[in-house]
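In the two complexes below, chain A is the common chain; its partner is chain B in one and chain C in the other.
Here is the complex of A and B:
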């Protein structure tokens, strides 16, 4: 196992007539030995490109990449001792499951020992190595429950089975670092959640260093030891999942992490109160120190309470939609502050009807203030 | 869907008539090859039955014996020449066309598209245009009366099959190539161990067409080969006819033609299944 260290890593694509496109910019990231690091962000945020640079599938335009302390910028993918699990699995269609799992071991054997075997005439060495590979394949397939599938071809497998073979192929080589590129996105929802748990358990068993890319923030939060939120080629926050959720570094992270997303309202701060569209709500004494400034207010749906319309410190609204999820209910409200979502206890919402008037109140202690702009930083009171 | 009965009958009638028209020459050849010399000669003037009256299977042995200048051996020579040339040409065409097709499909290099278009453009040139320049080139190499002019060009690709391989390889997911790179394969190994096995349907088409084309090729061996013992079967057939002027031995000519066709027919039937096989799908989602 190993550490992965990115220092000011960037990726620039040369476009037509000297127009360059920066896919990744100045990414600093230190991944510890045995850490499960998840890169998450919307599509086009540069997370996959970053992963592919670590793998050696993309050239690194700027900066330094080190695996286990060794700079590997110019080391070809095959010599980086990494394993890559592709979104579409990329199993070799003409090989059986067993051959797929063994493939990486076979090619390595050919490279390293073919010459030695030829020179020494050691025919038995080849046989012994085959036995080692067979044993390894058997071990991996047992770990992943692939035993019954070893002689099947990929086209004869279900999506979940193919996914497991792809993981098996990665494990077989016992690489320093595992790289996953959205490995669950082709699975149906139920299987995705099951496989997620399996991956987490597998990580603990292997104590492997994993870099994992996904656009699904829920998947990211459940898997990550370290969550790296990316947007527009830059790291927006690099912290634990809980930290990203509780103390988002900026407005983008606040809006991206959490389901349903945080309610964010553009307005300004005026004497300790937040004013937007003419409606003002007092926040508290400590906010008065921040002075008067343009800002955005964020509060999570589960911190919203519904009160009587026109109650003090509330925003009056009407109920636009009610989504009952069994144990809880998501209520979408139209207000002068725009669309606000509240996540409420199911029992408390039985009497609510769409179209009714309500007041929105929230817990000021758990609200966040951000600088204006898409990635405006969090203002700490 | 149920078709009205009269429509079915009409359809069957048209199909059977069509098949009959296509099969007739072959059938005629088979019948004549089994006739006595007198009746075969009569067939040339228009009289033929649907079945030979008195099948002469010895015609085949006789045809083999009389092929070439040396009894029995002439046939063996021609057959082995044809086999050697055809196998080498098929091998060369499949290997070179798939390799070049892989490069066109997967390498991003300056001039990829223009080069590809130029290559496709060469398909417009009829063979007769290049015949004389090619002959002069091969003569300057001193390759006349050897199999080199027949075989070597095949190792430099065939525009149409390169096109087919390129199109096929282009739709194989890039991630497969990347997985192979991580597994430690270079481009040649990816071509050999990943692409060629996946391209089986294209290879089947390429191999069968090349086989039939080369096996039946009359012009190229005729131009480059002189010695009777280095001739291929297709050319020997012709000298067969020249050997016995007139139409006296037409039954032997037909017998020999039947024999010559057999490998092509067997190969075509054997490869038919692979033609329609879509192997590339399955390793990725979908």
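Here is the complex of A and C:
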């Protein structure tokens, strides 16, 4: 197992007439040995490009990539000792499951041994190596529950089985680093959640260094030891999942992490109160220190309370939609602050009806303030 | 449905007929005239055109539709096709060598009645009447035939012109070599002495292509037969059955001719250069004599500039004499179709086209000798401002000249020609082997009497009923499919719509594919000659097949060379195509241009390209051998003497030029392979070679299989290149299967035999495809098919 260190790594695609597109900019990232690091962000944010640069499938335009302390910028993919699980698995369709899992092992036989084996017939070297490979395939298939499928072809497998074979192919070689590129996105929702758990368990068992790319923030949060939120080619926040949730570094992270997403309202601070669209809500004494300034206010749906309309420190609203999820209920409200979503306990919402008036109140201690703009930084009171 | 198509076709035909006939005014009749204008080119075309226009003006009420078929070779193919389909032109050219054959097939109308009427008219004082006595008797006799031989029997045409043969010589080279100019009574000794002297003019070390050579001596069969006659020898007896090529006099003459070319240097143009042979070599000015040719080369030779403009002076001398003087009469007539609806008008036209005015016009063109003695011996022919000066030489040769008779069976020349080429030009076999080969092949051919001595006629009515029964069966099958198991009205309606939509294709398939295919199967069991109606065909059972497989050595040779070629062209060609596709799939700036360049040759392929390749493979001056000589390799005579070993490889190399088509298919296949797989393999530690072997090849295997089968079929059907570049020779060394099939079908008109060959090829292709499919089943990976 190994560490992965990215220093000021960037990727520039040359466009037409000298116009360049910067897919990844100045990414600094240190991944510890055995760490499960998830790169998350919307599509086009540069997460896959970053992963492919680590794999060696894309050239690194700028910066330094080290695996286990060795700079590998110019080391070809096959010599980086990494494994890569593709979004659509990239299983060799003409090979059986066993052959797919063994492929990487076969190619890594020393050339000399292969030559000797070829010249001397079933030479000992070949025989021994074959036995080793067979044993390894058996071991991997047992770990992943592939035993019954070993002689099938990929086209005869379900999506989940193919995904397991792809993982099997990756772990067979016992690489230094595992790279996953949205490995669950082709599975249906239920299977995705199951597999997610399996992956987490597998990680613990293998104690492997994993870099994992997904656009699904929920998947990212459940898997990550370290969550790296990316947007527009840059890292927005690099912290634990909990930290990203509780203390988003900026407005983008705040909006991206968490379901339903955080309610964010553009307005300004005025004497310790937040004013938007003429409606003002007092935040508290410590916010008064921040002075009068334009800002955005964020509060998570589960921090919203519904109060009587026109209650103090509330925003009057009407209930636009009620989504009952069993244990809880999501209520969408139309207010002068725009559309606000509240996540409430199911029992407390039984009497609510769509179209009714309500007041929106929230706990100022759990509210977040950001600088204006898409990636406006967090304002700490 | 099918009936509908037939009715539509018939209607279209009637409409077409009416439309074309509409141009004719009432009371007018139309004559169709067909001719060629090979060596005479545009001028001959113009002369015929003018003569016909004047004829129309002189004969209101007769319209003439003229067809110029191009060269004489294409002419006969077209003529025979028209005759078979019952649309023979009313008046047409007939070469002396076809007379017996056409007379036997009864496709020409005898014109003795007209000639007799002219004679009487003349006796009565009509000076415009035809005077056959004014014609050179040899030329008239050439068109009298009893259906087997010529010289006696009904007259089948009026000779329009003729030629004798001899050598054209370069006066400047004769002067330089201090050799006297030949006179009209010169001998072969004079000939070879002159050739040898001229052959010594070049200083040693002269480049091959600049070297001065004594003489070009073509080895066409009628020329060689004329040559033999000057030594009192013959290739075939007067009975047109017994071969006399092996008689001592023949062998002596052949040995002498062979030795002149192959045992000496400089006397005769060597046999290993395709570029520098035939009549055009004379134009270079590096050859002392060229022949034996008739007057047909004169239009081309008149383009040789005078000495002051860098050309040379030249003249003609008739064929030298050996133990006796001899020459041949090559002549063409205007003849009339047996089935013409307008014999009177046709005769009028023939008379017009062979009258004094037409002959004088032809005489001025210089292409041939007028057949009217009075025109030939007039200034119109003899006194031309243009060379050759010795027009009299052509006339002097007539005295000893006669028509060379050919057996009716065109196979005689098809067998004799290649053998003479092999023995006398490329020289890869000796005279004795040449004689043996000819005798053996001719015997095999003549001993083959398909269907025995009393073959039964084909019972076409039975076959027609059988065909109708098949058609009925087919209709019943469709009806059954339509009416079977009552299902929902929707399903039935859908089914009917389906059949309705495919019906144009089905009708087209039945009419244009199934019918000809079945007909060819039936024909392969007959001796149909391709001329004359199908009803004349006899039932011969499997005789064609047994002859082909058990006895026909040319068939075996063609199988061998085709197989040899396929063995080289298919694997190497496909490997090259795949390699090119891999290279062309790189994402490089301007790759589209490179792809287009690879594909371009496939667009250009054809006759012209074949001629270019002929130059590349030329033994002496070809690009390939010159390139090889740079690395001190003495290249073989690819398409000549060494064609037995190097012929098929040469054609295979040529086929590599056309891999663009296969490459495009591979390219499409390559782009279907997901990039992920390559990336996965790369991460799995596979280098470029292993990625190619373990990812590209298996993923491409269905495409490879497809291309392979297509390439095999294509390789078995090679035709154009061989037809243009070698004509199958020397001998049968490059006679590819389809070329031999073509020879049989359209040169000797053994349609039944050729049909049998086509069916054997079909079975071979099917068998090979089956074997390939079977053996590949385990190695080909299909994405979409369940295991």
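Keep this in mind: the second predicted complex is superposed on the first by the 369 of 381 C-alpha atoms of A that agree within 3 Å, B and C clash if a C-alpha of one lies under 4 Å from a C-alpha of the other, contacts with A are read in each partner's own complex, and residues count from 1 in each chain.
Here is the rule we go by: a contact is a pair of C-beta atoms (placed from the backbone, for glycine too) under 8 Å apart; a residue touches a chain by one contact, two chains touch by 3 or more.
Only a predicted model underlies this, so the values are computations on that prediction, with no experimental measurement involved.
Trainee: Let me test your reading of the model: by the given contact rule, A:88 touches which partner, first (chain B), second (chain C), both or neither?
Mentor: both
Trainee: If we overlay the two complexes on their shared chain A, which of chain B and chain C does A:162 touch? Say first, second, both or neither.
Mentor: A:162: touches chain B, not chain C.
Trainee: Could you say whether A:324 touches chain B, chain C, both of them, or neither, answering first, second, both or neither?
Mentor: Touch status of A:324: no partner.
Trainee: Quick one: classify A:366 as touching chain B (first), chain C (second), both or neither.
Mentor: In the superposition, A:366 contacts neither chain B nor chain C.
Trainee: Going by the contact rule set out at the top, does A:104 touch chain B (first), chain C (second), both, or neither?
Mentor: both
Trainee: Considering only touches as defined above, state whether A:154 meets chain B (first), chain C (second), both or neither.
Mentor: A:154 contacts chain B only, not chain C.
Trainee: Once the shared chain is lined up, is A:70 touching chain B (first), chain C (second), both, or neither of them?
Mentor: A:70 sits against neither chain B nor chain C.
Trainee: Residue overlap on chain A between the chain B contact set and the chain C contact set?
Mentor: In chain A, residues 55-57, 76-78, 82-84, 86, 88, 90-94, 103-104, 107-108, 153, 155-156 are touched by chain B and also by chain C.
Trainee: Which residues of chain C touch chain A once you look at their complex with the stated criterion?
Mentor: Per the stated touch rule, the residues are 674, 676-677, 679-687, 690, 694-695, 698-699, 701, 781, 783, 786-787.
Trainee: Quick one: which bits of chain B touch chain A in the complex? Just the residue numbers, please.
Mentor: So the residues of chain B touching chain A come out as 173, 175-176, 178-185, 189, 194, 197-198, 279-285.
Trainee: Inside the complex, what are the residues of chain A that reach chain B?
Mentor: Spelled out, the residues of chain A in touch with chain B are 55-57, 76-78, 82-84, 86-94, 103-104, 107-108, 111, 153-156, 159, 162, 186.
Trainee: If we count contacts the way the header does, which residues on chain A are in touch with chain C in the complex?
Mentor: Chain A residues touching chain C: 55-57, 76-78, 82-84, 86, 88, 90-94, 103-104, 107-108, 153, 155-156, 169, 173.
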